[in-house]
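Look for chain A in each of the two complexes below; its partner is chain B in the first and chain C in the second.
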Partner chain A sequence: MSTTEQNSELYGILAEFKNPKALIDASKKVVAAGYDKFDTYAPFPIHGIDKAMSLPKSKLGWIVLTCGLIGFTGAVSMMYWMSVMDYPHNISGKPFFNAPAWVPVTFELTVLLSAFGAVFGMLFLNGLPKLYNPLFNVERFKKATDDGFFVCIEAKDSKFQADLVKELFEEAGATHIEEVYD
Partner chain B sequence: MSKYEYIPEPALVKGNHDFASLTKLVTDVNLRPTPKPWYAAMLLANAFLGVFLIAVGYLIWEGTGVWGLMNPVGWGWAIINFVWWVGIGHAGTLISAILFLFRQDWRTAINRFAEAMTIFAVICALMFPGIHVGRIWVIYWVFPIPNQMGMWPNFNSPLLWDVFAVSTYFTVSLLFWYVGLIPDLATLRDKATDKIRKFSYGLFALGWTGSNRAWWNYEKAYMILAGLATPLVLSVHTIVSFDFAVSMIPGWHTTIFPPYFVAGAIFSGFAMVLTLMIVARKIYGMEDIMTNDHMEKMNIIIMVTGSMVGFAYMMEFFIAWYSGVEYEKAIFILRATGPYAWAYWIMMTCNVLSPQFFWFKKLRTSVGFTFFISIVVNIGMWFERFVITVTSLANDYLPSSWDYYSPTIWDVLTYVGTFGIFFTLFLAFLRFLPMVAIAEIKAVLPQADPHNYDEETQEFHPHVVEVPQPKAETV
Partner chain C sequence: MSHKPTITDNLTFPADSKLPQILFGVGAVGIILSVIGYFVNHDQFFFSYLVSFTFFTGIALASVFMVMFHHITKSKWGTLVRRIPETFGANIWIWAIFIIPVILGMHNLYHWSHEEAVATDKILKAKSAFLNPTFFIIRQVIYFALWGFVGRKLYKASVELEKTGDWGVTTLMRKVSAPAIPLFALSIAFAGFDWLMSLDPHWFSTMFGVYFFAISFQSFWAVMILMVFFLHQKGLLTNTIGQPHIYDLGAWLFAFTIFYAYIAFSQFLLIYYANLPEETLWFYDRLEGGFQYIAYGLLIFRFAFPFLVLLNRERKHQKKVLMLVATVVLVIHYLEIYWIVMPAMHSEDAHGLDFSWIDITTFLGLGGIFFGLFFNTFKKNSMIPENDPKLEECLEKTYHQ
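Showing the complex of A and B:
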């Protein structure tokens, strides 16, 4: 796990900021400077960081809607096939297609599939599980889940130039700047 | 001096905590060596778990005849305990989902704890429908799985709806809980120093970094899950009440059952959260996070839902009379004066009378009194289910078939044994997982809000509320 700087590739430059407000101001500056392959890290979601980073709306809602519709149609067609087509049973003279009685099962399966969509869709959109991350090579980055606020601009960014990035972070008031190697 | 006084909301976290000290306070419980009393408690819980296994083993060996079931009471402690445990579970979802949608930030201190309670309570509840069928080897008939008869489940039956409702509820609660745990598992991964913890927390944290691009989707997912869990939790106890309400038994066949069951579930669940919270916060020194303000708010919810339950009891009586149905009238009078009157009056005392003490601020802020009432409420709610289930069956249409129901020792041991399951799981949870949602509690600290920082210097300064001076009175 030791970072042998000679053999490894530069992943990006990581800067630490002192508090949530400083992080928001820094990400505004990063966006204004035209970088787009960057991310900010915090131990909890910060109010207004999405605007500061100019993040697009999350697509999760559409995934959940799709899953919910699959749950709904799946439930109704399952019950229709089982109770009307495959093995119709006369139960106290009720119609085979007994819509009101099917409401609870339809509702539960819609909720179940939507919840699957919300959880697994969220993990998919976030690219998780991803057990290796170059950022984990940085000892200081452990603070990101405790009380640290970080910005990382990745080397993949078309505008990336190590000196300019460091200068930008310094200007934004970073308390610590570090190169991250893969 | 203005005649109006500004009373700010009490701080959610007491003491002079910052982000790092909160992390330390919560994760220390998981990272320090296991305290000896924990082993003692675990051993006791395991003993009860053993009792459960013996009771269930004997039941499966001998058949459901070992229980006190007889004619006409074919539904006894198993359904009572099932409804009781499911009801307890509902508080966790209420705290994590409904209070989230209402933006009640105080929920962050207790939501992880209560969600864990939900999951373990539902596991205990699921034991009863799992074992109550005489032929346990064909329990899979409750699911739409192909079988040798080519038959499918009866989708018109409330008992089948129950299968779908409770299993969906369990799955969604588990997912919701796990989603909340991901960032905190990452915290533990980063705090852990030994290999085993690093690996296992790291594995379940899925590589969470705290990226704000990830938080963005995460928060959306959390909100959607809360939106899904809210109607779900209401539907679950509604469907549980359908088990009774859809049948043609006097005292069961009423439309008030769904809302009345849901209120009762929240009532008993909050009581259980309080019982556990008051003990756990003391042992683990979490009084800064789980404060007396939280206790007071929960006591108010207990008072409100308790009053709703009390109202429902009276409404049932009124409707029984108003309906003009002889059997319906008879069963309610028999409940209060008949062979089970003792159970009815225990229920009335514990559920209707006891929460009314919380009108007094002194009592609802007293830790000892709250603990006492929280246990009384759960006794009361157990008796509510007993009264509903047993009285209606024991004294139904034909007086010649009436009989008195008593449980056997195996009923009792099975029920007592479920506490073994519950506390085994709960103690393991307290030991190995963060009992407070660390990321969420940090987010409600005043330091977490960027608006509480100076625009120029980026230094923290707490929000100051200016109280406008009222205009001079003109009357």
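Showing the complex of A and C:
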């Protein structure tokens, strides 16, 4: 992290707030001001923060549903291929297409792929694993795992103007405002 | 984060409501007609009675179960609606009188109660240490003593907390609940064995106890949902029980739909796969003579339909959707008990599926009394456990997305 501020690019502006309540109020103000490329950081989950940030409903459910359906059809077609088409075998006089006996495998594969979809889909939507984040350049940001509550508006945001953002944070009652460089 | 919630609703069920009287009236008419039914057809009366009795008792037992685990996990999600199951539990000690017809009808209902039949039957002889009339009656007394006591105790404690505001009562609630949960688990399982499984005394399933619990518990959530919407319909608690609380009930119904399917199918699969005659006969009787329609109906209306409908998060709090699913679940719950009980009725005029008017009269009779008792108790105290330490947090719950 030895980059100097001169030859690096502005990533965003980071503001620290006193407590979760202030963080929620601040994110509401940020949303009201029309920014959408911003994020909040806190040492613990805060109820209502997603609402304050007006985050859209997660798409994870659709990923899980798709994976679950793939697991379901995959299991049924696999067993159909094996037990009915490729190697039909008479097992205690039961039909080749033995629906009740197929339920456990179908159930397991549906659940397994749904779980994969949930875990890996969550990682994907969160952009994880992520080995580097420009915020790590800020010494103060280490407090985010201890007692710091931060909001960062990224320079990528179409409405971004450094002085206006700083003004907004000041109005919102930030205790500390800092520019973050990549 | 949010300010202290204030309750704006009136918290008591209207004291001048004639609802309990109406329900008792329906119950009385139903019972009188059922008594006539008894003289018309003894067997039909007792079997119909057993179906309805199991239906309502199961709901009361599931209620107490919910109250107990709510206490023991120090939950707050359901504090607002807890008075409903508490009230169901409060009346089990009175409800106990309705086991008497089952005991009186033992010879009509249970093949194992005939000494001469047991004497010539090796299997029944081996089971006679457990399946004999004396021990059967003793077990019923034990069950209802336990259920009646715990149900009453938890209700009384909750009312005491409401009146005195003494939070120390919550310790008592947990102290009662902790040992009562395993006792309830055992007694509900054995009640399932006694009332339903022993109708076919040669047959056995070690899962039957859980199965009886699973069907009762799923339908209990349906009752809760309909009860909350019924109160809303009457303009009660409309601003108190809100979307997040209804969502929780929908989520419970969804969860225990899956639990039901898991248990019911596990019981079926093992028997189907092993294909041993002594075990498969039970299902054989229930997959012919019209009963197969109920069996497939269970798969569709008790699992597939509620599961697929409630899978989406938004569906779990929508009034119309929940009312429809809850009603379907309760109808199919009745049919499932009917499907378990009726094939065991070996009277001359019963071949296969054959609904009788006595099914309806016993259901109305017992249902009228059951809900009459409920509302009679429900209107005596507040409809929510006031002064409960968790109440405020429960009221504060918010639903988003």
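One rule holds in what follows: the second predicted complex is superposed on the first by the 181 of 182 C-alpha atoms of A that agree within 3 Å, B and C clash if a C-alpha of one lies under 4 Å from a C-alpha of the other, contacts with A are read in each partner's own complex, and residues count from 1 in each chain.
The criterion applied here is as follows: a contact is a pair of C-beta atoms (placed from the backbone, for glycine too) under 8 Å apart; a residue touches a chain by one contact, two chains touch by 3 or more.
Every value quoted in this text rests on a predicted model; they were computed, and no experiment measured them.
When both complexes are superposed on chain A, chain B and chain C end up clashing with one another.
In the superposition on chain A, contact is made by A:D50 with both chain B and chain C.
In the superposition on chain A, A:G61 makes contact with both chain B and chain C. When the shared chain is aligned, chain B and chain C each come close enough to touch A:P104. Chain A is touched at more residues by one of its partners, and among chain B and chain C that partner is B. Judged by the touch definition given at the top, the superposed model places A:K21 against both chain B and chain C. In the superposed model, A:S77 lies in contact with neither chain B nor chain C. Of the two partner chains, neither chain B nor chain C is touched by A:Q161. Steric collision with chain B, judged by C-alpha atoms after aligning on chain A, is confined to one stretch of chain C among 199-207, 253-261 or 307-315, namely 199-207. In the superposition on the C-alpha atoms of chain A, the part of chain A touched by chain B in one complex and by chain C in the other spans residues 20-21, 24, 47-48, 50, 58, 61, 94, 101, 104.
Against chain A, in their complex, chain B makes its touches with residues 18-20, 23, 144, 150-156, 160-161, 164-165, 168, 171-172, 175-176, 178-179, 183, 186-187, 189-191, 202-203, 206-221, 224-225, 228-229, 231-232, 235, 239, 242, 438-440, 442-443, 447-451, 453-454, 458, 460.
Per the touch definition, chain A reaches chain B in the complex via residues 18-22, 24-25, 27, 39-50, 53, 55, 58, 60-61, 64, 78-79, 82-83, 86-87, 89, 91, 94, 98, 101-102, 104-105, 107-109, 111-112, 114-116, 118-119, 121-123, 125-126, 128-133, 135, 141-147, 173. Those residues of chain C that touch chain A in the complex are listed here as 1, 265, 268-269, 272-273, 275, 311-313, 398, 400-401.
Across the complex, chain A meets chain C through its residues 20-21, 24, 47-48, 50-51, 57-58, 61, 65, 92, 94, 100-101, 103-104.
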